[in-house]
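Here chain A shows up in two complexes: once beside chain B, once beside chain C.
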Partner chain A sequence: MKKLYKQKQVNSLPIVSLVVIGIFVLNGLFGSLILPKDPTETDLVNKLLPPVFFGGTWNYPLGTDELGRDVLSRIIAGGRVSLIVAAAAIVVGGIVGTALGIIAGYYENLADTIITRLTDASLAFPSILLALLLSIGIGPGEKAAIIAIAFAMWAKYARTVRSEVLIIKTANYITQAKIMGAGDLRIITRHILPNIKDMIIVMVSLEVGMSIISEASLSFLGLSVVPPTPSWGQMIADGKNYFQNGWWVSVFPALITIITVLSFQRFGNWLKVSKGGKA
Partner chain B sequence: MNILEVKNLVSQLNTEDGVLHIINDVSFAVKEDECFGIIGESGCGKTMTSMSILGYSDRIGLKAVSGEILFKGEDVLKFSKKRLREYNGKEAAIILQDPMQALDPLFTIKDQMIETIRRHQKVSKKEAEKIMIETAESLSVAKEKLNCYPHQLSGGMLQRIVGAMVLSCRPKLIIADEPTTALDVTIQLQYLKLLKRLQKEYHTALIFISHDIKVISMMCDRIAVMYAGEIVETGTRDDLFYHPKHPYTQALFKATNIDGNIRERYETIDGAPPNLKEEIAGCPFAERCQYATDACISGKPEVVKINDEHTVKCRRIADE
Partner chain C sequence: MRYLAKKIIEALITIFIVTIIVFLAIHSSGDPINSLLPDSATEAQRQELTEKLGLDRPLVEQYGRFVKDALSGDLGTSYTSKRPVLEMIAEKLPYTFELALVAIIIAFIVTIIFGSLAAIWKNTILDRIILAIAAFFKASPIFFIAILAVQLLGVKLRVLPVAGAGTPLHLVMPAGLLGLAIASDMTTLLRSNMIAVLESDFIKFGRLRGLPEYKVILKHALRNSFSSVLALSSFIFASLISGSIVVETIFAWPGVGILSYNSVISRDFPVVQGIVLILSILTILLSFTMDALLAMLDPRIRKSV
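Coming up: the complex of A and B.
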């Protein structure tokens, strides 16, 4: 009995995660208003100053980097890039993937074969390589990062949505609606989309974290936003060369990335369980 | 008066593997107010026939090659899209097999019923609600249940709600495609009695499709036996039960204890139904029939009239 009791899952609201997500979103939208310093202003006299509790001053709470820029300000400014790129990539990838998944699952014709093969191909194609190619083609920047991340993600949506649509479309109420003369568009918008809505919401919440990580990786490689605009991945990359005398330059943005992604994952899992899925 | 006449319907399904001969020369008529049963094993074309009657065959790729389906003298196969939308639900409606999937899980029963009623009748929301409650009560569905979502109710209750939905539009013809297969036995009987009572009350014709002889015998006035896309025997319930002529009908009855005698062993029919990919030259049952002759395999049997209602498609009877 005791064991059974222990195994019972309690799916409590992840308050800490929600707070972190809230801060992340607000920071992305309004962070530029509370910047303590200009994140791009260099000050070589004050370069590599330590954070406040490691011998630094309150003037630079998280220290400065190799060019004397305020790390805190750069993290705040970099959060905006993370939010924009992650959100845009999710929207683009999610919409494209869902639309293709519905077409493939609902019609099950030649289009289905083509979409399924494309899905397989895109899952086999490394997104970093695509980002490299894109940055050659259209130059590195947010746009290249968004397209690259969206391209890496749409296939997951397409595949999951397709399998779900295959199940839903055989339900009797769909047959009945068809017999009544309902068109494909009506059936898709009225019956199929609402029925996969929950699943898509859960997928999105779980993918946001992955999307932020992908953006950070691309930034780390210099394939996302171009300096001097700061981003978390870029800061980690900058700091790695000064790790021995300035660990804070890369550790703080890395920590922030981890905390944000963890919060999104925790929240996504909570959402999934509360929508009836398994943890 | 016949409300529905199916005349020499031949339909084919084009699949990746080739043409399937789903319905081969099917003819029958359904009278107003009567319950007409179609019995046959899985895959013999029962459901496909009902889909054709609803004019739904085109959308599932079933092509009617020849023949006609006359609903009050109009050919359903020639209906325009607009006419079909009027026809389905208002004049002919179907109750499908699995009630658990019959309703969209995202809307309450009430929402879905009112939508259906207002789709076919020009009434206000209030009036639609009144019609809904009336029909629900005639199927002994409590008012409170109507505010539930489909997953909150049992299969028997849901099938009654589907019945109420269909009846609320007062169709002239209802097709019940194995409506009780997904229900457990006690609920089955209850539901069938209800359906039978309402069919009489609402004066609708009912086509009852099943593979269960007992259920068919309980429900139907006249019965057609279907095999491999053909109707091999038609007759009143008594004709078929006391004087089955076609060897397939006889074999079907021998496989059950419908006569009340519990047998130690039930007879089975050897072999399997024919492959519908090939056009069958002779009688479709010839391969499994103990009386089959060479003539049965090579040529189609004629329809033999035994009395006004009772017809059978068998060479052996014709020869007698």
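Coming up: the complex of A and C.
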């Protein structure tokens, strides 16, 4: 009875989260088409105008920043950076991590030893330090942010996939496939990948939020996209010096970040439970 | 003993990998000659400096030299201040240590209290509130919470200093926020582990034997579930270092984080390299110490070689 109650409670489809995620993705893809204003155009006459419900006008619904740029337009444009960096980092980190995890778990030889050591090394390596290094190596920008976040992420995939593969490969049907003469590649693509697919999807959905936060932190430190391209982290950073007479400059991008990340977390947890994991 | 030896070798290999990463990053950062010499330098001067720095030697030899220099404490000279990098970092390191130490103590206290409470009273309002706060901290950029805290506690109420170091009061906001940020991950982990442990047979047995509930929880449940949190030590220390860099820049805490931030802005390569090298080795050593402590506490780990 207790169990039934719990399941019912945790596993209702998170509609609000899905809507937020939908808007986030659509905004990242097509947001540039609906920009009310040019997000980089400065207008010092109209600097630090309040949002519409705090004494402002509909001309700038979320107010303007210290250079008179439209906060709403900048949030829309900044969302694109968040989406691109998070998606690219997850694709790179996820593919590299999964591939290495499969190799390590499946072969359990020298490659496994090396990959496991590399995994431990990168888990112990603070991701911001790598971003610092990259910012001097290839210069700050989306590319540096993507590599830094992907590097922080691949090890988690590698570790989880490896331990999963270690269990799966002892299953009888794998042994049978081997006896029937199936090659390693066939066993991996036909039998192992389908079995870890769900787990990877769950990991991805839980990691998107973390990537968005990481990108914001890197932007905040000036290690991600460089001005004038707006990003949420950078907007929060800009706004901190004008908080007294322009709280909206940092509060709105921060709220959007928090809502987006919470939605991904909620969705990820829902997915995890519905795929048979624990919340 | 075998366990310890294995962990030492693992830590050394990890440090070796880190030195390679740092070295390759330096190497890919382009020709340092351009930043060392003025634009008006002649081809002969460039040639001379290239040879002097050994940049014309094979990559492996350059790597060997980099390690040798680093081992003898020579991390190069800062481009901007012209001072030895090691000296600059050594000056700032105690501040970062202080911040990180207080933050991790706060994180452990918060995790133990709220993780246990949430597990013992799972699915109650208290549990929901704790989980919601943890989720909020996980989903919020730490620098934004820091900005809010500065505005509220520093500017509006004026109860805490907003920047700098010196008194214990200066530590409250940076260390508190850093601690809470790390605790958000650890608390949910401790909660779910403890729920599992509380349902296990030996806990039921302890209760049947008539052990008082506080003993069951403190002595058995907490101890058994907390080791799984400690097992994440490398991850915890990595986020601690990353977090302290962010926190230091917000609160102008005079540690290594702010030095690295300023060095990136002024493109002072040797300082950034030195910081990355020292902090990552420290992270590895810290997690090694944690592993060793954990093995002392839990015989199952020692025997899992």
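Keep in mind that, in the parts below, the second predicted complex is superposed on the first by the 269 of 279 C-alpha atoms of A that agree within 3 Å, B and C clash if a C-alpha of one lies under 4 Å from a C-alpha of the other, contacts with A are read in each partner's own complex, and residues count from 1 in each chain.
Simple rule for what comes next: a contact is a pair of C-beta atoms (placed from the backbone, for glycine too) under 8 Å apart; a residue touches a chain by one contact, two chains touch by 3 or more.
Predicted model, so just to flag it, every value in this text is computed and none were measured.
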*Looking at the combined model built on chain A, do chain B and chain C fit side by side or clash?*
fit
*Name the contact category of A:Ala171: first (chain B only), second (chain C only), both, or neither.*
first
*Measure off the angle at the C-alpha centre of chain A toward the C-alpha centres of chain B and chain C in the combined model, and quote it in steps of 10°.*
90
*asked:* With both complexes overlaid on chain A, does A:Pro194 touch chain B (first), chain C (second), both or neither?
replied: first
*So, A:Phe24: does it touch chain B (first), chain C (second), both, or neither?*
neither
*Which partner does A:Gly181 contact after superposing on A: first (chain B), second (chain C), both, neither?*
first
_Touch count on chain A, higher of chain B and chain C_ = C
*chain B and chain C, minimum CA distance [Å, superposed model]*: 14
*For chain A, which residues lie in the overlap of the chain B contacts and the chain C contacts?*
none
*Interface residues, chain A side, partner chain B - complex*: 170-173, 175-176, 178-181, 191, 194-195
*asked:* Please output the residues of chain B touching chain A within their complex, sorted ascending.
replied: 54, 56, 59, 81, 84-85, 88-89, 94, 96-99, 101-106, 119
*Can you name the residues of chain A that touch chain C in the complex?*
6, 117-118, 120-121, 123-130, 132-138, 140, 209, 213, 216-217, 220-223, 233, 236-237, 239-240, 243-244, 247, 250, 254, 257-258, 261-262, 265, 278-279
*Using the touch definition up top, name the residues of chain C that touch chain A in the complex.*
10, 13-14, 17-18, 21-22, 25, 28-30, 123, 135-136, 138-144, 147, 150-151, 155, 192, 234-235, 237-239, 241-242, 245-246, 249-250, 260-261, 264-265, 267, 269, 272-273, 275-276, 279-280, 283-284, 287
